[in-house]
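First the structure, then my questions, so here it is.
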Amino acid sequence: MRYATTALPVLTLTTGPVDAYPAVLRGLASPVLYDYDPAFQTTYQRVCETLKSVVRSETVPVLLHGEPVLALEAAAASLIGPGDVVLNLVSGVYAKGFEGWAARSGAEIVELAVPYDSVIEPSAVAEALRQRPDVTIVAACHHDTPSGTVNPIDEIGAVVARHGALFLVDTVSSFGGMPVDAASCRADMFITGPNKCLGCPPALSILGVSERSWAKMAATATAPRDSILSILDWRDAWRADRPFPFTPSVAEVNGLEAALDLYIAEGPDAVWARHALTAKACRAGILAMGLSLWPREERFASPTCTAVRTPVGIDEAALRAEIRARYGVVLSSGRGETLGRLTRIGHMGPTAQPIHAVTAVAAFGGALAALGHAVDVGRGVAAALAAIDAG
Amino acid sequence: MRYATTALPVLTLTTGPVDAYPAVLRGLASPVLYDYDPAFQTTYQRVCETLKSVVRSETVPVLLHGEPVLALEAAAASLIGPGDVVLNLVSGVYAKGFEGWAARSGAEIVELAVPYDSVIEPSAVAEALRQRPDVTIVAACHHDTPSGTVNPIDEIGAVVARHGALFLVDTVSSFGGMPVDAASCRADMFITGPNKCLGCPPALSILGVSERSWAKMAATATAPRDSILSILDWRDAWRADRPFPFTPSVAEVNGLEAALDLYIAEGPDAVWARHALTAKACRAGILAMGLSLWPREERFASPTCTAVRTPVGIDEAALRAEIRARYGVVLSSGRGETLGRLTRIGHMGPTAQPIHAVTAVAAFGGALAALGHAVDVGRGVAAALAAIDAG
Amino acid sequence: MRYATTALPVLTLTTGPVDAYPAVLRGLASPVLYDYDPAFQTTYQRVCETLKSVVRSETVPVLLHGEPVLALEAAAASLIGPGDVVLNLVSGVYAKGFEGWAARSGAEIVELAVPYDSVIEPSAVAEALRQRPDVTIVAACHHDTPSGTVNPIDEIGAVVARHGALFLVDTVSSFGGMPVDAASCRADMFITGPNKCLGCPPALSILGVSERSWAKMAATATAPRDSILSILDWRDAWRADRPFPFTPSVAEVNGLEAALDLYIAEGPDAVWARHALTAKACRAGILAMGLSLWPREERFASPTCTAVRTPVGIDEAALRAEIRARYGVVLSSGRGETLGRLTRIGHMGPTAQPIHAVTAVAAFGGALAALGHAVDVGRGVAAALAAIDAG
Amino acid sequence: MRYATTALPVLTLTTGPVDAYPAVLRGLASPVLYDYDPAFQTTYQRVCETLKSVVRSETVPVLLHGEPVLALEAAAASLIGPGDVVLNLVSGVYAKGFEGWAARSGAEIVELAVPYDSVIEPSAVAEALRQRPDVTIVAACHHDTPSGTVNPIDEIGAVVARHGALFLVDTVSSFGGMPVDAASCRADMFITGPNKCLGCPPALSILGVSERSWAKMAATATAPRDSILSILDWRDAWRADRPFPFTPSVAEVNGLEAALDLYIAEGPDAVWARHALTAKACRAGILAMGLSLWPREERFASPTCTAVRTPVGIDEAALRAEIRARYGVVLSSGRGETLGRLTRIGHMGPTAQPIHAVTAVAAFGGALAALGHAVDVGRGVAAALAAIDAG
């Protein structure tokens, strides 16, 4: 039997959009209130205040009403001005992609790049800042999802803090799945979203903004106003007694509220442990089958995504198609430079369950064998299980 | 008894966000698929092709993943360039608001304005175009929601077509609730959304684009690319075999699919008749209580919204608060120039039910009386019922 | 326009099945767990213990997995044996219907009956018990829904208690909508369900059982065991560490959990006030239109249902059909003896909203007029509103 | 990490209640209509007529509003009378359990029993009927779930048909998951439910009744009337123009409608193939780990459930608890005689996915190892995958 491409898959183990928690789906199905209904305004304020406690930002986070690419573009447009010098830390496709938005603001871009299977060393950041003391903003991507690698963001943040530049951090695919927040990495602009490890659908962005960032945006003449790209317009929108610049995505806010309830009820520590153990089991299984991780060193690998290097002779797209047709399991491709060179198994939100690592390893190995690249699936699964048992 | 401001209201009769159809809420709760899962790509293509048939646009409509203010800003940025002369037809707050986005592109803005309780006459448009034959783009808002007035958009479109300018039309709060589409008004850029008369939550925009508009945008150097504001990036995204520029709002697309199924099953003619009769009954009830409509002439009034002029001596915000506290009914305020001067009763999507007009009239009259402005509620309700019976 | 009979109505103002609260619908959509999964067993116990606190029964209530006719038949079969003398208090169709089940157990049935538009006086019960001191069980229906009348059950319970008979009470359509519970009426077998004033769909029964009733059932040789009709089998099933006699209706239990959360959050007093005011407004409106209530005296009328006597010359079924076709509003017919003679407007759970009384009155009056029985709808609505305002 | 017993599990692979299809959960969340609303009556009729085509019964199936134990008890009470001789075919706990209900009707019960790890041979039935030509009713359980064994029901039905007795068949946990229906096995009373392979929650029963059975029930004086146990009362209730004997479970009927849509859209053949392959893979994996199936011969094993014999020295309850705590996977215990002696892995409805067999095998093996009974999990998973690949 083969799963039809038009039929629902059995298991979506991707890096986003990710499967949503059942309670989030039910939250999305809540009555749609008028945005100026006090019941909704109260909900909105509560959601934002709860976000403040989990994001640990200096000020109440801003919700923007589009998936996090909106937040990244908006942050670049709002925070960066013509006189800025931006140090962009590039260890993957997403960090590199930020350059385009940053450059639009007229700033000078300085790049510190490493190969896309490696990570940024804090010492290299320190050195870069020593060479360019005029850097005003440092931009980093914590988990560069297309590579499945995680930069040591707290340590980098400490370096940036010593230098004094503003620190803009993309934690879209790491926040909620591992211990990172605006305080831990001293971010001035902490950009994330509910659509990865919090288990919501894509449609919202979360921005944790420091007081310094608010001041910088207010002073930046080119910072958007009266625009979907404006962050400044939303500064006080979290308050129940303040207007929204435009209509918020009511249903998605309801979904986010449910996600936060789950996150707090399970406890961040427990959630992170679940992500970490799933990733550990997945890596163990993949390696035991004789396959390679994309990250050059296993310690670079993300707890929210396992990027598997595509074996020589295998067509990556065909491999994923086979996994879906044969087992009903959906995985993610690479992006840009990593497209066709790796497959990503997501461990995010509801899919960060150790047993799913076993399933993913089995499906991966089974499909590889079907494409003529025999691996010892049994060994892989046994290793994944052993990792869980040791967990 | 008083309804708590934090409790769900009984009935949301607003002009948006509107109550969603139950089937739309269930659609939102569907499994969240990976955007590159072929099952989702197929759904996405089907939704867009269905939209083409209901919007009657020349090309397959573009979905943008934010509520329609995104589409309006994006359309201004994409279609309008430095050399353009834009004739902006202003009969209300929303049309006036478009000027800001249009002007950013460097174009010259020519305004044809009428008082906000009136509508644009096609002959005035013809005259304006005669005076400025160099106009390249005409912009109009079909139903300027903050006024509850509807411009004769098909007739205006015919005038614009004779002149040859591109016609950009905002039908966000009219499409789906009355007979208007891209073909009927000859729009080159037909901007609407599922969040009003189609009964979805706010989070998506729909753009029906003519071939001429695609050519103009392609030729406009300032048209956004690699941006949330880009329309061009999404041109082929409806095709199941093409990539998305960024992650679409999966859950909202699922909700839209359900809304389109409902719209087609009930039949647009029947849906429009339902909206029209609700509005007629509502106007009859309001007038019979001795109150005034905001639109100068009843024939200007929208079938999707009844704007009621606030009686002298009444605080409009207090009136709506009283209606909610006393009856659990939520209505919309005015916006900008109309704020505090009118209250809007929405007839959109699931709330466009004639009996809700009766409820709205009763609640409106009851709360007015409670605030010391006695009206004959019985007369109002009887008139509303009579209008339904005549309907 | 006419609403199609196959289309969803706008408003269901019936006496059951009633519209469910949105949160209950979402509860029904929760994941279906294995009944022996500890997570479900824990939920089940919590639901039952919560029921104990709201039903105020001596022991933890029993959930039976069918709508309350199951509970009534099961209670008759379990509690009543061949040697019993049952005093059945009959003020309506449902109380009368209980006789059949009671008689099956071989007991002697003594009837105290009043016309179906009246109620049972406690003094009459005292007198009946004086005449038949050998009565072992008294059965009563608190709110005989087909008549919309409410017996003074607490006072009757006091009389029964003085006598010493077991008291079996059907509060299916009153519990949760007015102040009544097992303690208030001293019920030994308090039979209700979540499908009326708690706002759940029909599928479950709730039985509050006194210690005396448990002893009586245990001693009744004919009490069902190994049967869908067994209550005894379920005695300890509420405990997380005990087995279920058969598979419980998992989804309905999830819905009930949501309903109880709502009931407690709003507060029983507030819920009852909402029901009472809705009924009061409804009665005021009906009477002001010159129509008659079915209950002989207004003080007999239920706060959860307004039974309107069908005017002479009107076909009751045609009237309801007209109300649905014209306004999309669904009301309930009578049953048995009251069928065709009255129409019932339900005020139960989510529909117990004063503004819905206005809507019901308007729709009722409008349809009557359409059928040739002109009434002053305006007067009716004004009276309903005045009742709310006085509320 | 350990999964909390109060937290939702990751995967419910039980034999019922089973996980529901997402579309069924959304169906349950549909508006609850009045049962006499024509829109609901139309839905009810359509559901029953659709059931007729999939059950292939002579007459339109009856829905009873309780899980299938209600149907079994009701069928025994309705079809069997004092003069009957019932041949009860017993190959497991459930068939044996039917004896109690059958005997209540006053019939003589003749038993043909085999060990609970075996199945009934058609020739044995023929022989039993030869010995007792006075048998009027033959009762069988197709898939005796507590044993995971499937009787050759079509062949048995042919034997019964030749004899002329009425044939009562329980296919609760097989129908919808393998090729069996009322026509294939010539059942006169075909009892099943939507709560297993159709992927609904437990709360409804489906009875496919032959004309002969209707005649027999009508002629049976003891057949229940005015009772939850009555089948006769519901004979015409499927018709939109006929009353319901009591209130149907509206939400569950909505869920069933969604389940039937899915079943027909996927196609019964495809659904059955999916179940068969899942079971085959599961058996292969279990056997390859050196474990034993409960069924004496593999060909007796059900395609909807894999019953695994508990290894010596292992506490079965502890094993399932470990599987849940360690992996979040929920399996079923045995029942009655098989309790503690086997564990059941369900392949029913949404869980009948081959990849879930891999997961189940891995979890089973992993937990066994954790309890000190080492097995070669890798070998098991490889065998399961190989079975899928061969599938």
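The letters A, B, C and D name the chains in turn, as written, and every chain counts its residues from 1.
To be clear about the criterion, a contact is a pair of C-beta atoms (placed from the backbone, for glycine too) under 8 Å apart; a residue touches a chain by one contact, two chains touch by 3 or more.
As the structure is a computational prediction, the values presented were derived from the model and not from experiment.
Matching B-C against the pairs in A-B, A-C or A-D identifies A-D as its interface repeat (over half of contact pairs the same by residue number). When the C-beta contacts at A-D and at B-D are tallied, the pair with the greater total is A-D. Between chain C and chain D, the centres computed from C-alpha atoms are 34 Å apart.
Chain A and chain D have centres, each the mean of its CA atoms, that are 44 Å apart. Chain D has its Cα centroid 52 Å from the Cα centroid of chain B.
For chain B, residues touching at least two other chains, in rising order: 7-8, 22, 25-26, 29-31.
Per the touch definition, chain A reaches chain B in the complex via residues 5-9, 12, 14, 16-20, 25-26, 28-39, 42, 65-67, 69-70, 73-74, 100-101, 195, 201-203, 226-229, 246-252, 255, 324, 330, 332-333.
Residues of chain B that touch chain D in their complex: 22, 25-26, 29-31.
Chain contact summary for the complex, chain B toward chain C: residues 1, 7-8, 10-11, 22, 29, 266, 270, 273-274, 277, 326-329, 353-356, 358-359, 362-363, 365-366, 369-370, 376-382, 385, 388-389, 391.
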